[in-house]
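In this document, chain identifiers A, B, C, D, E and F correspond to the written order of the chains, with residue numbering beginning at 1 in each.
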Amino acid sequence: MFLHFKQTIQPVDVSSPDPQFGQMLLEQFGGATGELTAALQYWVQSFHVEDASIRDMLQDIAIEEFSHLEMVGKLIAQHTSKLDQTKVYESPLFKVKGMGPHFLDSQGSAWTAAYINEGGNVVRDLRANIAAEAGARQTYEALIKHCQDEGTKKTLTHLLTREITHTQMFMNALNAMGKLTDPMFGTIAPDDTVNIVYNLSQGEDYRGPWNEGNLHYVSDPRPEGGMPPEPINPDDEKLHKMAAE
Amino acid sequence: MFLHFKQTIQPVDVSSPDPQFGQMLLEQFGGATGELTAALQYWVQSFHVEDASIRDMLQDIAIEEFSHLEMVGKLIAQHTSKLDQTKVYESPLFKVKGMGPHFLDSQGSAWTAAYINEGGNVVRDLRANIAAEAGARQTYEALIKHCQDEGTKKTLTHLLTREITHTQMFMNALNAMGKLTDPMFGTIAPDDTVNIVYNLSQGEDYRGPWNEGNLHYVSDPRPEGGMPPEPINPDDEKLHKMAAE
Amino acid sequence: MFLHFKQTIQPVDVSSPDPQFGQMLLEQFGGATGELTAALQYWVQSFHVEDASIRDMLQDIAIEEFSHLEMVGKLIAQHTSKLDQTKVYESPLFKVKGMGPHFLDSQGSAWTAAYINEGGNVVRDLRANIAAEAGARQTYEALIKHCQDEGTKKTLTHLLTREITHTQMFMNALNAMGKLTDPMFGTIAPDDTVNIVYNLSQGEDYRGPWNEGNLHYVSDPRPEGGMPPEPINPDDEKLHKMAAE
Amino acid sequence: MFLHFKQTIQPVDVSSPDPQFGQMLLEQFGGATGELTAALQYWVQSFHVEDASIRDMLQDIAIEEFSHLEMVGKLIAQHTSKLDQTKVYESPLFKVKGMGPHFLDSQGSAWTAAYINEGGNVVRDLRANIAAEAGARQTYEALIKHCQDEGTKKTLTHLLTREITHTQMFMNALNAMGKLTDPMFGTIAPDDTVNIVYNLSQGEDYRGPWNEGNLHYVSDPRPEGGMPPEPINPDDEKLHKMAAE
Amino acid sequence: MFLHFKQTIQPVDVSSPDPQFGQMLLEQFGGATGELTAALQYWVQSFHVEDASIRDMLQDIAIEEFSHLEMVGKLIAQHTSKLDQTKVYESPLFKVKGMGPHFLDSQGSAWTAAYINEGGNVVRDLRANIAAEAGARQTYEALIKHCQDEGTKKTLTHLLTREITHTQMFMNALNAMGKLTDPMFGTIAPDDTVNIVYNLSQGEDYRGPWNEGNLHYVSDPRPEGGMPPEPINPDDEKLHKMAAE
Amino acid sequence: MFLHFKQTIQPVDVSSPDPQFGQMLLEQFGGATGELTAALQYWVQSFHVEDASIRDMLQDIAIEEFSHLEMVGKLIAQHTSKLDQTKVYESPLFKVKGMGPHFLDSQGSAWTAAYINEGGNVVRDLRANIAAEAGARQTYEALIKHCQDEGTKKTLTHLLTREITHTQMFMNALNAMGKLTDPMFGTIAPDDTVNIVYNLSQGEDYRGPWNEGNLHYVSDPRPEGGMPPEPINPDDEKLHKMAAE
């Protein structure tokens, strides 16, 4: 069961409303790297994760992300409240669609669950979460760099901070499973190509830890699969038949 | 510049065509965790990654993923070639849309670039890639478990194997940057809440490495943000005005 | 700030798991008429509604819808837990994507914020909410009619019930504004066509309260706008120029 | 069968073309609240509504909405015809995609049938239509407020007027069924929670007609559903197993 | 202005209702190759095509496509009317979403304006239309092959026929412009690579009219663009900096 | 198997970076008419086309389109590298999402496989390809007209040129099948309406090659289908029942 307090989890206080910056903030409300993606991703994972302690962690963080979504929404509301009608072409999004947040990104694209990455296995889920946090942190950094309002900047820095905390938590959980630095998981044994690296993009090639050591580097890979069987498409027009006509 | 050899990078050989399994395979051709997502994600990252050696790695792996996309497509082509017309309701997707692969997932949803996770910073990108590989590996495991055809199973096991290899490469690259086990990156310093964990989902709470140690656990968090200012919406109908009428 | 209790708001107890019915239930988890749509729609409205009492109502109901979303998710989790591997083609969605709920509808389409209807004015918002409740209720009725499991049916009937309650609340709020039975709102005065009804679909025409009374019925409407100016497209190929060549 | 007259149903006459305003007008051509949504929604409902007189009303209004879609399209065509090439960055949408209307909204997002709300029951459909009209009216008000061209303003006011007329017609039809002010419809009886209201968003709570009267207000609701069964996910990695290794 | 007659343009008469076939028919109601795509594509083109006679043709055919959309919808309505409740898992789409047509394709994906291909130039538009007709014809052939009902088959054959007629009309219009067999249009002169063909997919290469004659065949193409400048990404983590730490 | 050379197929050299123009270029990277659409469309067709020589052509051109996608991406990378931070509101897309290309169009909408047109029959596929090339050429012309940078203009002219070459190749292939100027293909015989043209959009009607000659022009078409059977919807509320209550 969800419960809500009208007070926000951390302060939200905008001094200089700026609808154009409000539109950029939509990226973290209704965008790919935003708080809705994080909240729903971690929460939906909790329905299929079997381990009760990991599930508890996912739910704790998901609820915090809902509370962060609220903070971003309140920022946008303050940046668009009493929207000045005179500069309509600078931010028509709010003029046409109404003030306050919408589940759109900064370019006006509707949020889609295609942004969510989850399913089947807790290791997969936790790795997806580290990626989600990295995306969110990156967008917050971009927003902070272009932010002129101190109150907004303080709130965004808090939100960026918490992405780091969550990353730490997900890393700790993966580490407890031995899966933070081990690429393998699941029950299917790999075949004998697991240590081969193919140099398929050629020119100014580099070597590094990712194609050295116990990884065997194939500098000029060739196709090993032969010619696949040709399709037989009974609906296709035939060139030779056509030519014969 | 791209170049293509008509021979596949590894063999693709289906003995018992099965259009319903072919439809499931679409998940790795035009689905969220599929090879198109991986190929385009790594490749588009290469356009903004500044370090030439990491860029080389991203391009090498991207090109391999294009070659894997081709293998999955050839599997689907063989599972649907000479499609038996008598069992139309068991797999209407190929009957209506034509045999062979399409850029749809196993449920018939069109592939969307919303699946791609990239932008701004190489650490963010590499973490996104580890997540992408984990999703792909998970789907391959699901497909292998339900696969009746030995040739298909062998191909899918190879593809699963390579996801592990790529994960290893991405982990090695992150490790070389010191970012495999360190949650922080970028240039914005976190605020002083970075070590706090909030127990926002209550009941049957658990402790573990992710909310212990140097992380301070707040067992009953309260809102610290106060009441945010109320919106002023000049377009809104007023209840009191209405009531007065 | 959001808070969560791991106990559900009402009981969820499935006796006879059925993955195919679980897939149908996705319609109310990640589908157009589902609880996510309701929760996010009412909640996002609360950011721009100026009247504090209406805002409180929207938030109360939104939080209940999040709690209902959780109930639907728990139903799906129970219908897919320990998923029988032998009948894969009857419900490949969960086999390929993993057990438990996903933010997809019953046909596997990802949830999109395009389902949300809100913005600008509280009357518009409340009318949108009555429509959202009607859609949700309709889908619950369809699900209940095809449900074989008594525990599931009891939960679905509760969820259907609450849609009626919410409809009552939204109707009462609109009524308090005088807007439940009055079509007008906003500040723009209509022009003098406001009482005209056009019979634009002809054949077996009917009269009723919606085209009688003070509404003037035009039985054979004609275009009153004249020919609009033709476009001038400098990029277009010219037929006459082409013909002259 | 459809028939078309090249004259518009009402005049469309733009004096001062403005491509940026033309882009805002796209919201009512290819946007969520636009005429395409209305036309297709009412018309598709007519295929499953059993009552012939309601069906006639839906078809009459749908055809008018197609005629309105044409008027909006003609407005956009006139605002973009002979598009001045010198101010390209002010409205690149038409420069890149061509002059005239497109089935995109004002932010460039493609129209999607996810905007449509219909199915199963005529009461649900009519409520959805009142919501659709409210959204359309709201967007027309926003456009009129930012419109500098008198001819455009006159056309938009007519279109806003007709949304009010249609709302009246839908309200009258619902009223004839007794469903304008009665929240219930359909054949499933609600359970005994139908008159309960939960105060799930706490702080600065308000009472009003929507949580008073015969509605029982629960000021501090608690979860009544107990702990749901935990999922059993055979594909999940096990934390304890991992820790033991 | 649009006008509608309740009689259909051609007969629609289903003898043996089959909801599963009804679902397949959705491909031509709300699918990529369906009548809605054709109707809206040709009609939206008419808003920017300058030549009045071509515009008249586009409008004539668009209105016929709307009338065909109605026929497909009536087919679906008849295939799902009085839907048998006992075989719910065979076609849950209509059970969950309601009987009759919806703007979804046969896989349940919502129609999107991304299917539409138009803009800027009449030659581009007419070529797009020939492609649209070819897709529609192909889907009708697929549906006819799997159709068991004679009345449905007769209607589908008429619809397929009309796609051929429209193709003829579009070809005649292009031919009158000299653009049916001439690849060039528009005002930008091509550079000197216009007659070169690159053999970029190697192995079992074929020659034919498309890479012979006045086309110069390059059998082993090499990159001619050199190394592009490397990106400079100020936000990127630096590998060497990391290694030094 | 795919192979990649880091040198581009043709030069890419931007002298005057302009992020706003870079955003317009996205139309050809992640937009409907862009190189990704072309590359994936031709390539996916190659999986079901039976004729080996046509398949070879499709693969050759697809690989060239991938190489063109790379060129467009490199253009965008150069237009956004070292992005000036001072003019953030002029191009927030790259500021928020990061420099370099993304799989978005010029309006920020994610690429979708709904743009792809293919399936079932090689004639359908080749006609779709001529349409795809026409759309790409049209967008390149629009971009060149608004381009200030000579290096960019030279690259775009090359890309436009190659669309003409590919159109020639597809036309030649269709011509070899006798399908460039013949509207018919496939195995279903049309009915006897194949030579009828309906004047369904009335007013200022024109005659031309597309409704003359052996095409029979019906100047005032009437519905020939009669009234279709009314739906029977067991879930619908009944108006008469309601009225009686």
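We adopt the following convention: contacts are C-beta pairs under 8 Å (C-beta built on N, C-alpha and C of every residue); 3 or more make two chains touch, one makes a residue touch a chain.
Not measured: the values here are computed from a predicted model.
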item	value
Touching chain B and also chain C, the following chains	A, D, E, F
Pair joined by the larger number of C-beta contacts - A-F, A-B	A-B
Residue-number overlap at the chain A/chain C interface, same or different (half cut)	same
Matching chain pair for B-C (criterion: over half of the contact pairs shared, by residue number), options E-F, D-E or A-F	A-F
Of all other chains, the one whose Cα centre sits farthest from chain D	B
Cα-centroid distance, chain C relative to chain D, in whole angstrom	10
Inter-chain centre distance, chain C versus chain F - centres from mean C-alpha coordinates, in Å	32
Mean-CA-position distance for chain F and chain D (Å)	29
Sites on chain A at which at least two other chains make contact	1-9, 47-48, 52-54, 56, 59, 62-63, 67, 74, 77, 97-100, 104, 107-110, 112, 114, 119-121, 123, 138-139, 141-142, 173, 176, 185-186, 200-201, 203-204, 221-223, 225, 227, 231-233, 235, 239
Pairwise touch network: line, ring, star, complete, or other	complete
Chain A contact footprint on chain C (complex, rising order)	1-9, 30, 36, 40, 44, 47-48, 56, 59, 62-63, 66-67, 70, 73-74, 76-77, 97-104, 110-114, 116, 118-121
Footprint of chain C on chain F - complex, ascending	138, 141-142, 203-204, 227, 235
Touching residues (chain side chain B, partner chain E) in the complex	1-7, 47-55, 85, 88-89, 92-93, 95-98, 104, 107-110, 120-123, 173, 176-179, 185-186
Complex interface listing, chain B residues touching chain A	5-12, 32, 52-54, 56-57, 59-60, 62-64, 67, 71, 74, 77-78, 81-82, 98-100, 112, 114-115, 117, 119-121, 123-124, 127-128, 130-135, 137-142, 144, 157-158, 160-162, 164-165, 167-173, 175-176, 180-181, 183-188, 190-191, 193-201, 204-211, 213, 215, 221-229, 231-235
Contact footprint of chain F on chain A as seen in their complex	20, 23-24, 27, 90, 105-109, 138-139, 142-143, 145-146, 200-204, 221-223, 225, 230-233, 235-240, 242-243, 245
